[in-house]
Amino acid sequence: MTKKKDTIAAIVLLAAAFALVALLDRMLPSTGIIMTVLKKGCIYSLVAVSMNLLNGFTGLFSLGQAGFMLIGGYTYAILTIPPADRASVYQYFDGGIIQFAVPFWAGLIAAGLVAAFLAWLIGLPVLRLKSDYLAIATLGFAEIMRAIFQWDKLGPLTNGSNMLRKYPSFSTLMFPFAVAVICIAVIVLLINSSFGRAFKAIRDDEVAAEAMGINLAHHKRMSFCISSFFAGIGGALLAMYQTTIQAQAFKSNMTYEILLIVVIGGLGSVTGSVLATFLFYAASEWWLRFLDSPLMIGSFQVPLLRSGFRKVVFSVVIMLIVLFARQGIMGDHEFSLSGLMKLLRRKGKEASANE
Amino acid sequence: MSDPNANVLRLDHITMQFGGVIAVNDFSMEVNKGEIVALIGPNGAGKTTAFNVITGVYEPTNGTVYFNGEPIVENYPRGKMKKLYLGDPAMVCNKVISRTPDKITKLGIARTFQNIRLFKKMTVFENVLIARHMRSRANFVSATLRLNAQEEQANREKTLELIRLVGLEELKDDLATSLPYGKQRRLEIARALATEPSLLLLDEPAAGMNPQETLELASFIREIKDKFNLTVFVIEHHMDLVMEISDRIYVLDFGKMIASGTPEEIQNNQHVIDAYLGVQEDE
Amino acid sequence: MDFLSKNLPYLLAGISVGGQYALIAIGYTMVYGILRLINFAHGDIFMVAGLVLIYSTTVFPLYISIPLTIIVTVILGMSIEKIAYRPLRNSPRMSVMISAIGVSYLLQNLALYITGGLAQVYPTIPFISSPITIGPATTKVVTILTPILMIILVIGLMQLINHTKIGMAMRSVSTDFETSRLMGINVNNVISMTFVIGSFLAAIGSLLYFSNYPSVIPTSGGMPGLKAFVAAVFGGIGSIPGAVIGAMLIGIVENLIKGVGWTTFSDAFTFVLLIFVLLFKPTGLFGEAATDKV
């Protein structure tokens, strides 16, 4: 019964969130700091959840997320730049070889599909590897992708090391929010399905999972491809948000940041990942901003405060979480109304017991 | 040799060699339909290795495993093993049939583990429900979009039924690892049954149980055998249990079969007594 | 012959870079051999060593700053192990790996803060930066010095591992953690020692490596770090000679690829190699296979 209530509560909350987003789009300037946080939050939530599907739910320690985002972002950009603008974008490559454009939604789906296809290809060999070898192989794959997309021989397709631009993008918050909600909802449905249980079984004990008739190779590949599909869509959203895209930016540090978000939220918790993403970007783009600018109190200059200090404080906090709060915000639990009520009730009981 | 179709499981000259160590040496045996057969032997005799060969965890170095008369696993010393092979050369086969454990489970062989391997972060209910996944027909799209609601419902009912059977209904939403030892073993059996096997392999199901629990386990094994029309092959150390439930017994020592027969025959077999108690030298 | 003379500069550069990778790779391979941990922060330790030298030369003369750099790097390596890895000793391997990634992230952000995001010019170290001519190629002394110094250090290290008490303890810990502890070996000391050696070699590697480059940036450690790790995997993780051979191979091949004009792929090659090794010989050239018990 509580499950049904939770579902209803979740739907009500989502509807409220949609209304709020619509309101924010009208009220706030679209490039303000709050909007930046919210937009980035939506985009990276999706990427973080997709990474959690792999690392937290299937137990595959993969570090290829930036690579799949790169593929998604480029696929979207390449397919949607209007032919009229191609000459100026691909100025060093005679306008490139593609002379058509697909609508943005088709570009988004294609971004996911191409990322998933490459995941399938790379998954054939690397998914046979164990934990840390898989991590390093996927990290390596992401680096190879970065090199290939910058290769000037592929310039007519990828524009070499030059940036891609002039493809359709968005200015509202509603767009990334809606896409992220739909995608995350699909991931949640998958996780709670029979296949999601199989993924968790693989995470908990590969040998036992196999003995229960779960085809390891098949399910790992499935998880890898689905995760990459959504990372690809996340990459496309990022490309839209930035309005330009350059392979150079998709470094392993990007993957590290997403991984740390997932860890902060809790490996194996979708709501944790979403919560952590918004906290991460709110802290790094907004709340901790002040650490980056020198501050005078009277004639006393507060020491240490200057450009870059924010990130240092930030990484120290992350290290503290990694070392001392290993479960992250949510552990492997999900946020739900009934869970919150239970917690509050228990806290209340403790309080009354203490009196 | 009896009609191979009569046995559910037949091992034919199975040898398993790791590097220079022979864990199982030229082991042949059979389990007939509806039997409860026990495999016993001192620690390190190669019993669990034999299970791992049957279930596809290890690829045997030599020999064939038949299930319902069909060879499901077959191998012969090849490649590097050709030179290293130390087992008794007993059979000439030149085919390789290899299957991953999930394929073998799908054929209808389910197992439990000596060192309990439950899914730690899942509830009792989920642990059993997982085993229904293999028999589901839904693909990931239909499962995600909940187009398989009927099948899912049926799976949940079947799961609940099995949990009831092993007496864990009240604990169904607890984490599997929070259960006491004996109940974890029962849960493993329920999970194995959920894969709809015709042959059940139990690896030391009574390990860590007290005499009372062991007794209950014996009647429980008989009960599920009859209820699900199973054939049971069990590794066990508790001699009480073995003597109580087995129709026939095989004894392994240092990878070699040293005896086989009915419980009475085994009890009086000098080789078996020597293997368990050690040979008295220079008496 | 024509090929050789044309490619000699690349070959020399390859040998030199390979030697530098080897010095980093040893740190990876030793830590992995003992803790089964990919020390993602190792490349950043290497970068920090570069920055320390830059900053210390603004205050001290070289004969002080070089030893100072080595000491600071060694202390850094040891402290990272104590603070970030030791508390997680009994946790799943994934947690430790995440901690290592966290340390890497922290060191890079710290470097970014201290440098203000500007590339820091690496000082010219006399002698090793002076030009030298070999056949048709002109290069720096460091190119010739690196492989020689690397070989001397590796021989010394092998002596230490094979013929001293601490070396024996290291070998023992890398074979079996728990048993070594039961045998009265202070496992924590051995692990610290491993980080000391690894960081020491990384500091030397950093001196040699950055002499070839004009400047150091916070991400300078990333690529050489990853390549050195691949070298360690290629050679068979845990094996020091393996790491050296792997590093030399990667150094030489990537420079030859640059020579052919495929610079874009000189980095990618490393990872293609990695994926191939992991597929066909996951234990590397000299590694030993481990089996899981079911």
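As written, the chain order gives the labels A, B and C, with residue 1 at the start of each chain.
Throughout what follows, a residue touches a chain if its C-beta (ideal position, glycine included) is under 8 Å from a C-beta of that chain, and two chains touch if they have at least 3 such contacts.
Predicted, not measured: the structure shown is a model, and the values here were computed from it.
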By CA centroid distance, what chain is farthest from chain C?
B
Chain closest to the assembly centre - both centres taken as Cα means
A
Can you check how far apart chain A and chain B are, centre to centre, with Cα atoms defining each centre and the answer in Å?
43
The distance between the C-alpha centres of chain A and chain C, rounded to whole Å, is 31
So how far apart, in whole Å, are chain B and chain C when each is placed at the average of its C-alpha atoms?
48
Using the touch rule from the top of the page, what residues of chain A touch 2 or more other chains?
207
Touching at least two other chains at once: which residues of chain B meet that condition?
57, 113
For chain C, residue numbers touching 2 or more other chains are 294
Seen from chain C, its contact residues with chain A in the complex are 36-38, 83-84, 87-88, 91, 93-95, 97-99, 101-106, 108-110, 112-114, 116-117, 219, 222, 226, 229-230, 233, 264-265, 267-268, 270-272, 274-275, 278-279, 282, 292, 294
In the complex of these two chains, what residues of chain A are touching chain B?
186, 189-190, 193-195, 197-198, 200-201, 203-205, 207-217, 222, 226, 268, 332
Sites on chain B touched by chain A in the complex
55, 57, 100-103, 105-106, 110-111, 113, 117-122, 126, 129-136, 138, 140, 143-146, 148, 152, 155, 191, 195
Residues of chain A defined as touching chain C within the complex
55, 61, 125-126, 128-129, 131-133, 135-137, 139-141, 143-144, 147-148, 150-152, 207, 251-253, 256-257, 259-260, 263, 267, 306-309, 311-312, 314-316, 318-319, 322-323, 326
